[in-house]
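Input: structures, listed below.
Consider the two complexes below, in which chain A is the common component and chain B and chain C are the respective partners.
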Partner chain A sequence: MKKTIMKALAVFLALTMVSLLSACGGKKQQFANSATDIEISYWNAGLGSQWLENMIDAFNKSQSKYHAAYHASANQKSAAATYGTDGDTVDLYLLIMRPDKSQMEPLDDVLNATVKGEGKTIKDKFNTGYLSMMENADGHYYELSYGGGVVGIVYNKEHFKKAGITQLPRTTNELAIAADKLNSKGYTPFCHFAAGGYWTNMSELFFSQYDGNDYYVNNFYACKDAAGNSPTKDVFTAKDGRYQALKVYEKIITPEYVMGGSNSIDHVNAQTQFLNGSASMMVSGSWLSNEMSNSKDKMKNFAMMRSPVISAITDKCTTIKGEGELRKVISAIDSIADGDKKLDDYKNGNDYVIDGKTISAADWETVTNARFSVPTNFTGHCASIPKYSKCVDGAKEFLKFFYSDKGYKIYTKAVKAPLPFTLSSGDVADTSGFSSFEKSQFKMLAEAKYTPTEYIASKHRIFTDGGASSFCGVDYISALCASNKDDRKTVNQIWDSIQQKVEDNYKTWVSDIKK
Partner chain B sequence: MINTYKTKCLTLLSLLLSLAVVLALPVSAGNITTSITATNEEGELNVADWYDPNDELEIKNGVLVIPNDSSSETRIITKILAEKDDSYTAMAEVSGSLKFTSLPAEEYFSIGFGLDGIESYSEEPESAEILFKNTGGLSIGAVYYDESGDKSEVAPFVNAGSVSSVLSFSAVLYCNDDLKLSINGREVVSAKIPGSLEGRIGFLQSGNCGAEIGNLNVVFHKYDRPENFDYIETFEKGVYNEELFTTAYYGSARSPAGMNVEDYGGSKVLMYRNTGRCYFGTKKQYSNFELSFDIPYISRETKKDEDGNIVLTPCDTFCISFGDVARDFDGWQFTTSTELVHFTLNTVWGYNHKPEKFRVPYSDMGFSDKNTNQGFSVKMRMVDGKFTLYLKKLADTEFTEIAAAYYENFRTGYIKFWSTGNSNIAIDNVSLKNLDENPNLIEAKFTSALIKVDDFKYEKIKPVFKSNGKEESEFKFLWIYISLGVSALILVIAFTVRIILNKKGRKKKNENV
Partner chain C sequence: MKFLKRKTLPEIILYSLVSLLFAVVAFTYIYILFWAVMSGAKTHDEIVMNPFSFPKKWLWSHFVDVTRLLEVNGNGFFDMLFNSCYFSIVGCFIQQFTTITFAYCCTKYKFPGSGLPYVIILIMLTLPIYGAGGAQYKLFRSLGLVDSYWHVICSAGGMSAQFLYYRAFFKNLSWTYAEAAQIDGAGHFQIYFKVMLPQARPIFGALFLTSWLASWNNYETALLYLPNLPTLPVGIYQFNTEMMYRARLDILFAACVLVSIPALLLFIAFNKVITTNVSLGGIKG
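Let's look at the complex of A and B:
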C-alpha cells in the first residue's frame, strides 16, 4: 500500500508540474508566416520602439485583413541576420540601407499610392532631394526611410551670446570667425568624438555645396566622368569639393579650437560634455534630444544653425566676388525663407540685385541650393520588403499607413523628429509641445532642397562592393587637431594620403566589383 | 647609504647643464615666447597662426605674396593676440623683408596693431597702423584710430627710400604703448600710442597694393598665468578633494585591483593596487609649479595566493605627466602627453615623443631601502621651462636634486599621476604650489569625491502581457486549478481502479483457496 501511495504521489506531482508549465510564461509572440501576418524586423538604432508599437497598434486597428507584429534588436546585424536566408519569414525589414537590391520588392506602387482622404500621392509628400538619393540606378525605389535625422552644427546659445556673436555663421569663413570669438572669450569652440565624429556628414555637405548635387550624385558617387566613362579613377583624383572641405577644416579644426580628448571619446561622452558646456558647437543630429533625454532641460539652450555655405563656392560664381558679397547674397536668401522679404524684392528681370550689386540667376541658384542643402542620415534607416515574402501586399499596406498623414503623426508624436516628407497639406507635422530644438529640425528639413549623404541608392558598386569612399578612410579630423605636433597634418599632407590610397587601391576596388 | 661624492657630482653636473641650457635658449611658460612665421613646415601658408579672410594669399618660394589686384579685403591677420604683462617690455616684434610690386600713389599698405578680430579691416577703431605710401618715394609714418574711428598722426611720415627697393623691417610694440619701426637697421617710426594696442597684428591695405614679404616672423611674448590652487592633499578625510582633482580608471589585468584612499602606516594614502591604466590628476592647469609627494609604499615583491595566482607584483612604470592639453584623457593617452616623467623601481627618466631629457638610476642613491616596500619623496619644479627633479628619504626634510632639464616648448596644462599597468604604489601629501609671478590663485574649497546615490524610487507595477492589443494575465491561474483538478481526478480514478482490481484479486484468491 505504501508503494502504491508513493507511486500515486509521484504521478500527481508530475502531472501538476506539466500543467503548471502550460500556465506559465503567458502567450508567446507568434509570427505566423502567412499572407495576412506581417512580421517586421526592426533595427532599434536609438529611436526607441514606442513609435513602432504605436504604429503597429494603429495599423492593426485600422483594418482587419492584415496583422502586424515586430521583433527588434539594437544590433543591426542581428536584425538583418535572416535576410535572404532559406526560411526567412520576415516581411518588412527596418535596417540600414543595403546595397544589394536583388531580393527587394520595388516600392514604386507605395510611392504612387494616394492614401484615402489625402490630396496627393505619397511620392509628392516626400522631399525631392531625398527621393533622388533613394532612386536606384534602374529607376525604381527599393527602400524608403523609417527614421534618422537632420545633421548640422548644434550650438550653445548662451556661449554665442556671451561671445558677442549676433550673426549666426552664414559661411564657413564666418564659422571660423565665430570660433575665434568664442576662443577669445575662453570657450572651446568645437568638440566631436572618435574618428571625426559627425563631421563626415558635414564633409558630404561641403562637397555637395561646392560641386553641386548633380556632380555629387551623378558623377562622383556614380564613379562617372564628364564623358560618361565609368568606373573612372578621375573622380577620386580630382581636387574637388572634398579638397575644399578639408580647407574649411584647416581653419576650424585645430588643437586650439577643439576640446581636448575629442579624438578618443565616444559619442555619448562627447554629447554629454557638449551639453554640459565644455564646447560651444558640435555637429550632431535630430537624435540629440532623444539620446540625451536625461538632459532635456539643458537642450533649451541649444539650437541647430542653418548649413553654413562653403566660402570657396565663389570659385563657381561669376557675379559673386569674395566673402563679403557671398554673405550678402546668403542674407538675402535667408530673408525670403524667413518671410522677412519676398523674391520680388530682389528680382530684376532674370537677375537679382542686392545693395546695388547684380547677381546672376545662376549664382543665386547655386548659393540657394547650397544654403538649403541639409545633411541627413535618413537613407541610413531604410524599410524594405523581401520579394520572397508571403505578405508583400500586407507589408506595402503597412508602409502606406506609415507614410499616411495619420502614420506620420504617430511617428512624430513619439520620436519628435522629422522624416523627409510632409503632411498632404504641405505642412510639417504638429510640433506643438516640442522643444525649440525639435521644432527647428522640422523647419530645416522643410526648407531642404538637397539632403547630401553618402548613403545613395544609385551609388556605384565601387563604393558598395569595392570598398572605395569619398575620403578613402583617412581620419582627417583627428589629423588636423592632434594635440601631439608629430601627429598633426596639413591639408595638403592629408590630400596626398588620400591620393596615395587611391593609387594603392583603385585596381582592387575595381576587381572587387566584378566578384 | 648615500654615495655623497657621486650625488654631489651628479647635482653639480645637472646644475651646470641646466644653467647652460637656460643661458642658451629663450625661456618659456609661465613666460612664453611664441614665434610664428608665414610658412609652415610644408612650405605652405601657415593657417594655424594666420587668418587669410579672403583666401587670396599664397606662398611662392617661401615668400608671402600679396597680389597686385588686391582690394581692401585683401589682408592677413594673426590669430594670436599681443598682450601686456609686467614681466616683459615688448609685447610683440614683427620682422621680415618687404618688397612692393604695386603701391599706387592714392593707396596705402600698412602693418596694423591692436586689431580686434581675425577679419579686421584697416581704420579699425582703437588700432594703430604703420602706413607705407608712395609719395614719389617711399614714405612711412604711423596713425592711430581712436574709439570713434577718428584718425590722428602719431609719427610723422619720413622718406624711407625707393618704393621698389627691398626693405628689411622690424617693428616692435611695447607694453608702455610705444611703437617703433626700423628699416634696414635705421629707426624711422617712433610713436607713443594714446591707447592700448593689445590685440592682433595684420597686414592691411586700402587696395591695389601688391607686395612680397619674405622671412616674416612675429614674436609674441606672454606670461601664462592660469587660475589654480596652492594645495596639499593628505587624503585624511578618507577621500580626495573633488574640487581640485579628478580620476579615471581603465581596468586591470589582475585581481584584486583598484585605486582608492586607504589606511596605510597610520595614515590615509591613495593606493594604486594592481592598477591597469588610470590616473589621479588636477582639474586646473599649471604653468610654473612645484609638485611634491610622498611614496610611503611601493611594491618590490611578488605575492601569490594559495592557488598560485599572482596577487601582487613589483610596481611597474608609473608616470607624472604635466602640460597635458586635456583634463580628461582616455586610457592610452599618457602616450601622447606633452611631457612625462617615468619612474620604474630603478630608474627615472623624462621622455615622451621627444629626445630623452634625462635618465637617472636613482635606486642606487639610497633614498629608500631596496629590500623593503618603503618608498621615498619626490619633488618637481617647473619655472619658465626649467625643470628640476628632487628626491629624498621619507623621513628627511631636505630634498636632493637628481636631474634637471630644459623644456623649450613647455605649455601650461594639467598634471596627472599615471599608472600604466601593474602599479602597486601609494602616494600621500600631494603638494601643489603655483610658482607664477603674480600668481592667479583661487581659494580651494573642499568637495568630497564620494559619489552619493539616493535610493532609486520605484513603483512596483503589475506585469502586463499584451497580445493583439489586448492585455492578458501572464500567469494563468485558471490553468493551474484545472491542472490540479485533472491530476486529482486521474489519481482518484487510478486509486479506485486499483482498489477494485485488488478486491477482485483477493476474492479470486479466496475462491481458489
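Let's look at the complex of A and C:
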C-alpha cells in the first residue's frame, strides 16, 4: 500500500515538475501606468469576460496609439477596491453604479462624439429613457453602461400550457390569476432569491407605471415636490406607486405561491431550481442564458413576458373603468406593437375606440407608457473613468470604440444580450442563431419607452450621498412570504416600517449630502 | 476476542459505544471526501436539485475541465500549480531551515539575549495577526515583495511558532555529541551540519510537512500579497466567488478535490511521521 502511495506521489511530483516548465511561458497581463496604456478593472458578473477580451483585442488592433488590458474579479468590491485610493493606476472601471461622482471624469464628450463612418452621435444611438436616468443632477454624464440587460418575468412555457394559461398576464391582477391557476395544478408559481431577488426591479417598474415616468424620475428621484421644493420629505411619505407595488405583491408573494427556501438561497441556486421546474415564474434578466449556459437545452422551454401593467393604474385614468377595460386597451396596444393592427385601426380623432368604448388620448398614452416601461439593470453595469487617470483620453477612445457599431456587434455576439443603444442605422444586432429567449430581450428593449431601474440614483444627492432609497432598505418580499408566521408582515405593516425609516433617517440623509 | 474475554460486560458495552462513536466520526470525515468527489462528477443541476444522490452519469471529465476553466487574471491552472508548489515548497524549506538554525544558535550558544527570542515569539503568538497586517503590507510593498517571486524570502524570519519545537528539541539534545566532534577537529558549521542537523531530521521532516500542508492550503497570503501570482487555493477562492454568476458547482467541487489530493496523499503516507515525531520531548537516547 505504502509503495503504491509513494509511486503516486512520485507521479504527482513528476507532473508538478513538468508544470513548472510549462508555466514559464504563462500568460500574464502587464499594466504600465502611462498615458498610452489603458488599465481596465472589470467586475466579472453574469456577462462573462469573453466579450471584453474580444473588445480589447479589436480595439488594440484598430489603432496603435493606445494599448488596453484588463483584470477582473467576480467580487464587485474587489474590482472597485482601488477606486479613489492613493496610487490607483486603473484608467477605466467597469462596475456597478457608484454614488460618488466627484472622482469621475465627465463622459459628455464621449456621448457627443460621432464615430467615423457613422451618421449620428453616440448620444443619438442611446435609448432616451435610459439616458434620462443617467444624466446627473449637474447635467453631466459620469457613467455609461457597458452591459446589463432587460429584466422581467421569465416563465416556464410547459407549466403555463398545462395550467391552461393561453393569454400571458397583461395586468398584475391577471398575474395573480395565473399564479392561482398554476398553484391549483400543483405548480409553485414563483421563486426568487435572498433579499427579495429581482422583484426589486419590478417594484421600480410598478412604481413608475402607477405614477408615470415623469414623476418617477423628475420628482421622486429628484426629491422634488410639485411646487419645485427640494429636498422634500413628501416624496418619501406620499402613498404612491411604491404602496401600490406592495399591494400587487400582497396577492402573489405568499408562502403558498413562493418556492420554499427562496428567502435564503443565492440567485444562481434559484435560477437552477427554476430552470429545473421547481417554480413556474421568476423575475430574471438577459444574463440568465449566459449564467446558465450549461442548461441551454432547458432554456428553450422558457421565455420572458412583457411586464404586466399594474392594475391600479386605472386610478389614474378617466376613461378606462376597471380591469376588463384595461386588459382590452393593453391587448390593443400589444396588437399594434406585434404588427397585427395599425394605430389607425383604433384611432378616432384624438381619442381611441376599442370594442365601441372610447378611450381618451391621455389614458391611451398612460397605459402605453406603462406597457412599454421595461425594467433594466443597465445602470447596474457602468463604465467610469477616474479623474486622476493618466490615460483619460485613451479610456475615452476605448469607450467610443465600445459604443461604435463595431463594438456593439462584438458585445452582442459574445453576450447575446442587448445594450441600451443600437447600431447607427437604428437597427439592433443580427440575432440569427440566438435563442428565442435571447431574441425577446432585443425586441423588448427596442419597444421600450422608459427603462426604470433600482439603480437610478443620480438625480438628487440624497440618494447618492444621503443613502435614501425608494423602499428605504426594507426587505418587503421576504417579509411577505416568510414561512415563519411571526416574521410575516402585511402590506400596511411594511408600509409603516418604510415610513418609520423615513422618520428616523430623513434628517441624516439631508445632513449627509455633501456640500 | 482475547481482548473482549478479559473485559466485563459493562466495559464491553462502553468500549462498543465509544468505538461506534469513533466510527461515526470517521465516517463523517470519509463521507465528506466521498461527497466532494461525487459532486465533482455530477452536473451542476444534480448538485443543486439532489445534493446527496448519486450522479446519473459519473462525469470524470470535470476533473480535466478544471485545468481549462480555472483561471485568475490570465493565470491558468498550471500557472497556479507552479505558484503553489514554488511558494509552499521553497517557502517552507526556507522557513524551516532558518527557524531550526536560529533555534539551534539560541539554545546551544550562550550570548546576551539568547533567551529573548523565546519570549518575543511567545508574545507574538498572542498578538492578533491583523494588528500588524497593515504595517506588514506596507513594508512588503515598499521592499518590492508584493506580487513578486521574491516574496518567498519573507518566510526567512526564523521566528515562527516552530521555533518552540526546535528549541525544545535542542534543549534535550546532549551537547556531548558536539564535544566529541570538537575533539575530532570539527568547527561550528561542521558540528551543526554534520552532527546536530542530521539528528534533527525527523522533527525537521515532520514540521516541514505540517508547515507545507498549511502553506498548500493557505489562500490569504497569496490573495493579499500575490494578486498576479495566484496559487491554486486562490484560484478556487476566485472560482467560488464567480459561482455567484456561474452555474458550475461541479467544476468547483472537482477543483477542490484535485487541489486536496497532494495534501491527502502526503498525510496518508506520512501521518505516522507527523504524529510521532512532533514531540516536545525530542529524541530519546
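Please note the rule applied: the second predicted complex is superposed on the first by the 484 of 515 C-alpha atoms of A that agree within 3 Å, B and C clash if a C-alpha of one lies under 4 Å from a C-alpha of the other, contacts with A are read in each partner's own complex, and residues count from 1 in each chain.
By definition in this document, a contact is a pair of C-beta atoms (placed from the backbone, for glycine too) under 8 Å apart; a residue touches a chain by one contact, two chains touch by 3 or more.
For clarity, every value in this text was computed on a predicted model and none was experimentally measured.
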| item | value |
| --- | --- |
| Touching partner for A:Asn350 - first (chain B), second (chain C), both, neither | neither |
| Touched partner set for A:Asn173, first chain B, second chain C, both or neither | first |
| Partner chain(s) touched by A:Asn75 [first = chain B, second = chain C, both, neither] | second |
| Which of chain B and chain C A:Ser432 touches, first, second, both or neither | neither |
| First, second, both or neither for A:Gly46, with chain B first and chain C second | second |
| Which of chain B and chain C A:Ser102 touches, first, second, both or neither | neither |
| Which of chain B and chain C A:Gln271 touches, first, second, both or neither | second |
| Contacts of A:Gly322 with chain B and chain C, given as first, second, both or neither | first |
| Partner chain(s) touched by A:Ser64 [first = chain B, second = chain C, both, neither] | neither |
| Where chain A meets both chain C and chain B, residue numbers | 8, 12, 16, 19-20, 22-23, 26-27, 29 |
| In the complex with chain B, residue positions of chain A that touch it | 4, 8, 11-12, 15-16, 18-20, 22-27, 29, 57, 60-61, 67, 173, 176-177, 180-181, 184, 247, 250-251, 254-256, 259-261, 264-265, 311-312, 322-324, 483-484, 486-487, 490, 492-493 |
| In the complex with chain A, residue positions of chain B that touch it | 40, 42, 44, 47-48, 51, 53-55, 71, 73, 79, 81, 117-119, 324-330, 332-333, 336, 338, 353, 465, 467-469, 472-480, 482-484, 486-488, 490-491, 494-495, 498 |
| Touching residues (chain side chain C, partner chain A) in the complex | 43-45, 48-49, 73-76, 78-79, 81-83, 85-86, 228, 238, 241-248, 261-262, 265-266, 268-269 |
| Chain C-touching residues of chain A, taken from the complex the two chains share | 2, 5-6, 8-9, 12, 16, 19-20, 22-23, 26-29, 44-46, 71-75, 78, 266-269, 271-273, 275-276, 278, 287, 291-295 |
